[in-house]
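Here's the structure, in structure tokens; my notes come after.
Labels run A, B, C and D following the written order; every chain starts at residue 1.
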Amino acid sequence: MTGAAPYLGVLGVPLMAAALLAIIASYRVAARVNAVMSLLTLLASLSFLFRKPAPSALLFIDDLNIVFIVVNAFVGFTTSVFSAAYIGHEIESGRVTTAHLRFYHTMFQSMMFGMNLALVANNIGLLWVAVELATLSTVVMVGLYRTHQALEAAWKYFILGSVGIALALFGTTLVYVAAQPVLGEGIASMEWTVLMQHVAAFEPDILNLAFVFLLLGYGTKVGLVPVHGWLPDAHAEGPTPISAVLSGLLLNVALYAVLRFKMLMAGNPGAVAPGPLMIGMGLTSLLFGAVMLYRRRDIKRLFAYSSIEHMGIITFAFGIGGPLANFAGLLHMAMHSLTKSAIFYAVGHVAQVKGTQQIAQIRGLTQSHPVLGWGLVLGVLAIAGMPPMGIFMSEFLIVTSTMAKNAWLAVPLIVGLLLGFGALLMHLNNVAFGEPSGMESRRHDSYAPLFGHLALVLLAGLYLPSALVHWFQSIAAVLG
Amino acid sequence: MAALGYDVAHLLAGGMVLVSFMLLYQDRMGALLNVFALHATVLALSVAWQAYVQDAPHLYVTAFIALGLKAILIPSALRRIVQRLDIHREVETTVGIGMTMLVGVALVALSIVLMLKVTVGVDPLGRQDLAFALAVLLLGLLMMVTRRNAVSQVVGFMSLENGLILAASGARGMPLVVEISIAFSVLIAFIVIGLFLFRIRERFDSVDVTTLHAFRGDRT
Amino acid sequence: MMRAATLQIGQTLLVLLLAPALTGLVRKIKSRLQQRRGPSLLQPYRDLWKLVHKEAVVAENASWLFRVVPYLIFAATWTAASLVPSFATGLPFSTAADLLAIVALLGSARFFLALAGLDVGTSFGGIGSSREVMIASLAEPALIIVAFTLALIAGSTQLSVIAAFMTSGEVGLRVSLGLALVALVIVAIAENARIPVDNPATHLELTMVHEAMVLEYSGRHLAVIDAASSLKLLLYVSLIAAVFVPWGLATPESAPSQYAIGIAGYVAKVAVAGALLAVFETTIAKMRVFRVPEFLGASLMLALLGALLMFVTRSL
Amino acid sequence: MGALESSTGTALDVALLCIGGLLGTGVVAAVVARARYGPRTIYGACLATCAVLLAVSLSFLIDGAATESRHLPIGLPWIGMHFDLDLLAAMFLVIVNLGGVSASLYGIGADAEEREPTRVVPFFATFLGAMNLVVLASDAFTYLISWEFMSLSSWALVMAHHRDDDNRAAGYLYLVMASFGTLSLLLALGLFAGPSGGYAFAEMRALHLEPLRAGLVFALVLIGCGSKAGVVPLHAWLPLAHPAAPSHVSALMSGVMTKVAIYGLVRIVFDLLGPPPIWWSVVLLILGGVSALLGVLYALMEHDLKRLLAYHTIENIGIIVIGLGLALAFEAGSIGWAAALAFVAALFHVLNHSLFKSLLFYGAGAVYATTRERDMEHLGGLIHRMPVTAFAFLVGSVAISALPPLNGFVSEWLTFQAILVSPQLPAWGLKFLIPAVGAMLALSAALAAACFVKAYGATFLGRPRSSAAEGARETHSSVRIALLALVVLCVAAGILPGYVIDAIAQITDRFVGGRMPVQGAQAWLTIVPIDAARSSYNGLAVFLFTAFAASAAGFVIRRVATGAIRRAPAWDCGYVDSSSALQYTASSFAQPIRRVFGTWMFRARETVSMPRPGEIRAAHFAVVIRDLVWEWLYVPIERLVANVATRADRIQFLTIRQYLGLMFVTLIGLLSLLALTQ
């Protein structure tokens, strides 16, 4: 494809890695290769910060997707490091075989490829295909353990995801149909760059219809209520590194798609504002997710629901719109990716040392495993929006910008936040404190990914580099 | 010529909606699969026709895939699964067939109203194509929702996806249709393999009904 | 200035000397009313004299607090008593504390007395303190609210100002004032452990309050406490006198003859009050301890009513 | 605002540096706390830093220096962090760091008893830092972030002894209530700033809100700060959380953190929000009166020593709120001098309460440290074994019972003086309300005295009720230093109130538009709130005369008569020496008052089961006390959430087909919406 060269870094590397990992037998080597390749991808993505390649027919880079790519590559890298430590133990405990792991690594990279492709895609059709690819590769990883629950979760994810993707495709087709009279036939009518320029002239009604399908379709991947069904089980039953990337990355990619189409809608005066829809689904997800936290038994499912909650918050923020809220949404998105993946790293180790994911059987972590325990406490407090972590800042901005737009909307928002906080704290209270119970097995892991993420979140809460701020602000302005 | 082209396209697309209704109506597994084969064939025809009227040769590929894969390969595979896993023969429904049909009619009405109102600027060919496509899509979804039986749900999904292909092919000059239809075929292949691999006997709900809630972490 | 100081000292000593006499007077009249001769007026002085010369018997596990408290009580009460205008107003020391402060001073005295009751750790001491604080927790607010009423009438919480204001004609008859008087009298009865709230002359376990607290005291400690309680009685009498019958009060500026009148008038008022108290005590019966809250609650309500009337009717 | 930024000052910078130091100390502490002398070193560092802060703020306050400002480019981008140091802030800095110094002293002494210093020391330092930060913050974001950080670190301290289930429950309730408060403050400030979105206090001060919006902000701020300060009915967490923490932290939470909450209330209501309407004062007065009365009644029903103290915090907060309410009322009635009087009374009581409440908590902590016992029913006779603690606690008790000549009395006396001015107010509602509130205040004062007779008597007097109490030993020297230092301060503030009042009085002008007469000028250090003819009080004279009278009496008697003492068994109406179980217990002491007030307010029920003659079983006596606020406000909410959660949980267990159904219905819904709307 023309002008694809600059993108080789973020696309070629994972693809190559996938191929390479498919043939490496030793899982130790594979794990290292995996990490190295992810690091390369990260560097490649960082290069975009300095040199923005010109948009080609299929691929392009603008301020918006750089954010996502960088976050994506970074969390992908840290996860690959974490996964190296994680799978070793899985092998020891005999939950997976080396053959599975070969498969696992391959799929990990192809998923990274899919997500990066979706992010750099300049073409709504290509975007769709890429998201589909990412979904399929995660599906098989969710089913990795071959337990009944794992298979069931994978299956549920697969079916719901497919239907969602189908809806998204119909929406995509409609967008093309809307564009075609203006831009004529052919590839041009599916290019973001072109669409954005001419969207004003499109038939608004078709756009509205299209957005409904797109919101539901990609919203399924985002995990918005009521199309969230697959999310909790997929997080709970898959290997923890996958839970981390699911929450930290895949949801973002889907959200990215929604955002793009929202921008498209915003560009057309005649189209209904997508804001109310997103606000509605966002609030629903927030409240629902928050309420669902209370009755959880499984610690990974718990945090899966918290992801639903936070995706709701982010969607809500973008629904509110305006430079401030968009800024807050982006910030919250980044913070959530970092924090939630950090939490899953911690949870992964916890599940391994305690030999269970049942919240009821995990007690007094700060007593039995201080580093891990306090790491988890920090993570949970951060995700619950406690200062001085970054999420406090983004939530502050979201609430205040909401007040500025429409004060009454802030009330359900606040209620949701409080409900979610109460539930998380309730579980944290028992997991992290009290008399230790359950297995006492000790392992010395590298907690670097966990605390690295937390450190970043803390830093962001205290000080955002002005360059970053201006950059985010420019994006926020674009988002409208 | 244009008029003829329009009429045939209309006929075929409408035919698909009709076949979707037939799908809804079936209560025997075997018959269901046959009707689906028909559904796929009609799709293939209409795609081919679109290829002809838009003289977009790449669409023939799509048509061919539709015919070969969905009209022949998959139905036969499903038949084998049905025999292999001795899934008992009749289709269990959650809502009565009649009720389903009524809802279906409502859905078709909805989609046509919506489409015709929305797609004013589009050329008539695309318009009714889209309208019918949406109808087929919704009917497929309806089928997935109302059928308990795994195989018939797969069929529902495939008919839904036929609707998508119909829409894509109807959108004049839409690129990537082939790629997309291929991607979808992969998807469906996955599903069918899944059915086969994971021994999904009765329903999507669970890989294995007996273990559905027993070990689930979150049973309160 | 000099003269004011001497007057102040004079009043301070006067109350101290007069206090036991009042107690004696009340006893005398009571026994007369009960067809007895009764002890002489000087008996209280003799008792005090006798007590201070006895060696003090202190319970084994009594703490230092137990031995300090009597003096604290005495001091606090004496301070309070010397702040209330007896025969003259506007004395220098009177600026040191207003009516509220006087009430609070009595509160301090009671606080320590109740502690002393608990110090030895006997059951009777407990009974006494517990009942005492229960009574006080109602009587003290009543007193403070009475103070509100007076303050609103006279536009000041300074007793000498109030007294001076009362002598000036512009008071007239007020409902609030009447209510305040009734409340004040009830409080005075309760605070001084008189019938019907308590009986100063009983040692029946079930009825006694004040006596139960001081049960463990003997010798000079008991003497000091007795002195304090008679001082308290005098204090209340002079308080009521100063506010409700303030006539004949002298001021630092007035002529010496005025002081003589003032003192004579004061003694007369005290005597009358003592007589009234004795009559009242003999005519009424002691009430059960758990009826006391209602009795005091009544005074609280009366006081509040009076204060409310003032708040609503008057704007200073 | 630009003007503010330009004027920067040294005192503020020093303060900020110290705060940074405290936060840093917290981080360091996390590492070194395990070391043998680690905790003491950390406490020492905190002590030094707080001392510096204290000195700086005190000198600032006494000079009545001009406001200093700083703007740091951290925190929220394009707003940054604003810090102001004005007289109000300085005064609260003094309070915070007085607490900090004494608490650190206590910590040095008590660190021997702390089993897990790693769970205490780091958060202790950050807690101090956060409280200081709140006082200095001068934009919405900085204020909220430090506010919530304060809650967070204090929560960690409450969880220090996390093995005890009650503590965990307390910690949970505490943090949830805290973030509830923070969120409502967030709403308040967001509403305040409005669309313009100027979050610096300077900008907010310039805004003029329309009445409705201002009222909403007021209500939300009241909820936010009230829940932290423990105003009824948002107090439920306080008596659980404060005692759960280590004692010096309890002291900080009760004595200082609640004051920081009051600071927030004052800052926003008196400073930022415009002139108040009359109804704000009505709300404050009612809440204050109820808190004062309910708080002390709760305390009377309580016989856990530390919890009793916590309930008294609620009472004193009530008194403070009454003062603030009066100040608002007078401000609304534009009687500046009276407003100043009430305001000073409130702030004076803030100072006093922080002093004697810390003192009392240290005492309780010392008792707990040696006896491991918080239940007064198992204590007693400690005055013999820990004389210094007993003496200090006695002074604290007198002070908190508002008895002259100590400091507690002065501030309540000032409040009463303010109440007596209120007939001048035009509003009729207040004419009825204020005397009622005054009565409540008087009642709560009297009851407080009763309560502390109970507490002191049961804990320190009488005979030991348990072996633990028998074996009690006097506490560590540095703890004793802390105690005595506070004793001195309580007495000083009691007998020389004039100077304190003058220090506070400089603040009032800016906030309530009025000023009290200068007290330092009065003869004999008398304090004259309004004018001499109105009322006056001279703590020093009363103190001196009382002291003189007492010692004179003692001296004279010993001289002219005898000083002989004979130790003998207790007389007790001739009953032979009974077991220590027969002495009055705390609950039996409170029984008469419980009968008077408790029966209708707490549904207190006593059940006695006497064995019939010849029956061989112990007689049994039980008191059941119900907390109606809890049952009517908190339990329903809890139930509601539980129900919703349980119902919603079904959705977790839908089958794939049903999830598809959800998707389908949503799709159809949206489509038909689209079909209908155009």
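For the reader, a short list of remarks on this structure follows.
The rule is short, and it goes like this: contacts are C-beta pairs under 8 Å (C-beta built on N, C-alpha and C of every residue); 3 or more make two chains touch, one makes a residue touch a chain.
Fair warning: this is a prediction, and the values are worked out from it, not measured in the lab.
The set of chains touching chain C and also touching chain D is empty. Taking each chain's centre as the mean of its C-alpha atoms, the one that lies farthest from the centre of chain D is B. Highest inter-chain contact count (C-beta pairs) belongs to C-D. Between chain A and chain B, the centres computed from C-alpha atoms are 31 Å apart. Centre-to-centre separation of chain A and chain C, using mean CA positions: 79 Å. Between chain B and chain C, the centres computed from C-alpha atoms are 100 Å apart. Here the CA centre of chain B is 69 Å from the CA centre of chain D. Taken residue by residue, chain B touches two or more other chains at 114, 117, 141, 144, 204, 206, 216, 218-220, whereas all remaining positions touch fewer.
Looking at chain A, residues 155-156, 159, 163, 205, 208-209, 232, 295 sit in touch with two or more other chains. The set of chain D residues that touch two or more partner chains comprises 646, 649, 652, 656, 660, 663, 667, 671, 674, 678. The full set of touching chain pairs reads A-B, A-D, B-D, C-D. Within the complex, the chain A residues that touch chain D are 155-156, 159-160, 163-164, 167, 205, 208-209, 212-213, 216, 220, 226-227, 229-230, 232, 272, 277, 288, 291-292, 294-295, 324, 364, 366-367, 370, 381, 385-388, 392-393, 396-397, 399-405, 407, 410-411, 414, 417-419, 421-423, 425-426, 429-430, 433-435, 462-464, 466, 469.
Chain contact summary for the complex, chain D toward chain A: residues 74-78, 118, 140-141, 144-146, 148-149, 152, 159, 162-163, 165, 168, 171-172, 175-176, 179-180, 183-184, 186-187, 189-191, 193-195, 197, 199, 641-642, 644-646, 648-649, 651-652, 654, 656, 659-660, 662-663, 665-667, 670-671, 674, 677-678. Interface of chain A with chain B (complex): residues 123, 125-126, 128-129, 132, 136, 147-149, 151-152, 155-156, 158-159, 162-163, 165-166, 169-170, 173-174, 176-177, 180-181, 184-187, 189-190, 203, 205-206, 208-209, 232, 236, 295-298, 301, 357-358.
On chain B, the positions that touch chain A within their shared complex are 114, 117-122, 126, 130, 133-134, 137, 141, 144, 157, 160-161, 163-164, 167-168, 171-176, 179-180, 183, 186-187, 190-191, 194, 198, 200, 204, 206-208, 211-212, 215-220. The part of chain D that touches chain B in the complex is made up of residues 646, 649, 652-653, 655-657, 660-661, 663-664, 667-668, 671-672, 674-675, 678.
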